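Each of the next two complexes has subunit A plus one more chain, namely subunit B in the first and subunit C in the second.
Moving on to the complex of A and B:
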């Protein structure tokens, strides 16, 4: 729940999603769900030579289980708040997100 | 059970005490990370900052047996990173010396 709420606060930020097949997708995070499935808009593939079939794709839905990493903008998260929320337990939320109330 | 004391009752307490400290994370696929741990959950999903990733790549050497390829380490730095828990093998707290 905690990580889910962190991702909800990151909507409309540009993130880099790295998949388990080494595909790197840069895009604007549009939405996320409890499985950490991710919807990205305006995407760009970092290695188009190796993944030419992805050039034409402009937005996508990524199944959470195929994600290895998500690189997020460092200034978009409050690390102190994160640590406090983690200590309280993962069922708690990171912060209230007006766009997606719990 | 009093889990607020410094004592470690369950495995996750070890990770909780490593919050805001530099940790070493071993991942599937011959990957290792070091970085400052900021958040985790029961799946071992992690959020870390100032991350350095090391990927071990074994390059086959011609003529040498398969087990004797040369090992290369590829390093990469990332500012703030979410790591999906299903790839995590171990999280090790900083060495307190």
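Moving on to the complex of A and C:
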């Protein structure tokens, strides 16, 4: 849920999505849902000579399960804040699991 | 009863017209990439929450390095959502202006987890 919120703050940023078939797609992040399915506008394939398959495609919907990486602009995310939120999140998980006391 | 039958026929006529006209007018043409690397182009007739999609008048585009792109007509296709990698909206002008017989490319690789 945390990562979903992070992605929601990244809308309208230009991101590079690397898929599990090694395709790299650059585009403007338009929306994201709970499965981390991604909608990109104004897309560009990194190696268009090798992959001309999507030359006529302007915007696309990418299924979250096939995304390997999303490269995001460094200044678009507050790393400190994210670190703290992640730590809080994991403590919350530990509390609910008796095997790992806080 | 006869009046109802009239509706059915008209519906079928509209469907037929739509199938004939949509590739000419390029209505809502989409490109779907599947997990095994296949590329299917069709008219998006429907979808659901699990991103299952129905494509009407669909064609598979087979890419190869030493032969031009081959378009294999598939007709009405239901693609399961879990097989889908990407769905892209096709810019009809750009698609019409690219001559597929000039395009030579490796087929897209399959998804590897």
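One rule holds for everything that comes next: the second predicted complex is superposed on the first by the 89 of 102 C-alpha atoms of A that agree within 3 Å, B and C clash if a C-alpha of one lies under 4 Å from a C-alpha of the other, contacts with A are read in each partner's own complex, and residues count from 1 in each chain.
FYI, contacts are C-beta pairs under 8 Å (C-beta built on N, C-alpha and C of every residue); 3 or more make two chains touch, one makes a residue touch a chain.
Model, not experiment: these values are computed from the prediction.
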Overlaying on subunit A: subunit B and subunit C, fit or clash?
fit
Between subunit B (first) and subunit C (second), which does A:79 come into contact with in this model arrangement: first, second, both, or neither?
first
May I ask you to decide whether A:19 touches subunit B, subunit C, both, or neither, giving the answer as first, second, both or neither?
second
Per the contact definition in the header, classify A:32: touching subunit B only (first), subunit C only (second), both, or neither.
neither
Looking at the overlay, what does A:43 touch: subunit B (first), subunit C (second), both, or neither?
second
Going by the contact rule set out at the top, does A:51 touch subunit B (first), subunit C (second), both, or neither?
second
For A:59, is the partner it touches subunit B (first), subunit C (second), both, or none of the two (neither)?
second
Using the superposition on chain A described above, determine whether A:6 touches subunit B (first), subunit C (second), both, or neither.
first
On the combined arrangement from the superposition, state the nearest Cα-Cα distance between subunit B and subunit C in Å.
6
Subunit A positions within both the subunit B interface and the subunit C interface are 20, 65
Using the touch rule from the top, collect the residues of subunit A that touch subunit B in their complex.
1-3, 6-7, 20, 36, 64-65, 67-74, 76-77, 79, 82-83, 85-87, 90, 94
Please name which positions on subunit B make contact with subunit A in the complex.
16, 19-20, 29, 36, 38-42, 45, 47, 49, 78-84, 86-87
In the complex, subunit A residues that touch subunit C
19-23, 37, 43, 50-63, 65-66
In the complex, subunit C touches subunit A at residues 31, 33, 35, 37, 39, 51, 61, 63, 81-82, 84-92, 94-95, 98, 103, 105-106, 108-113
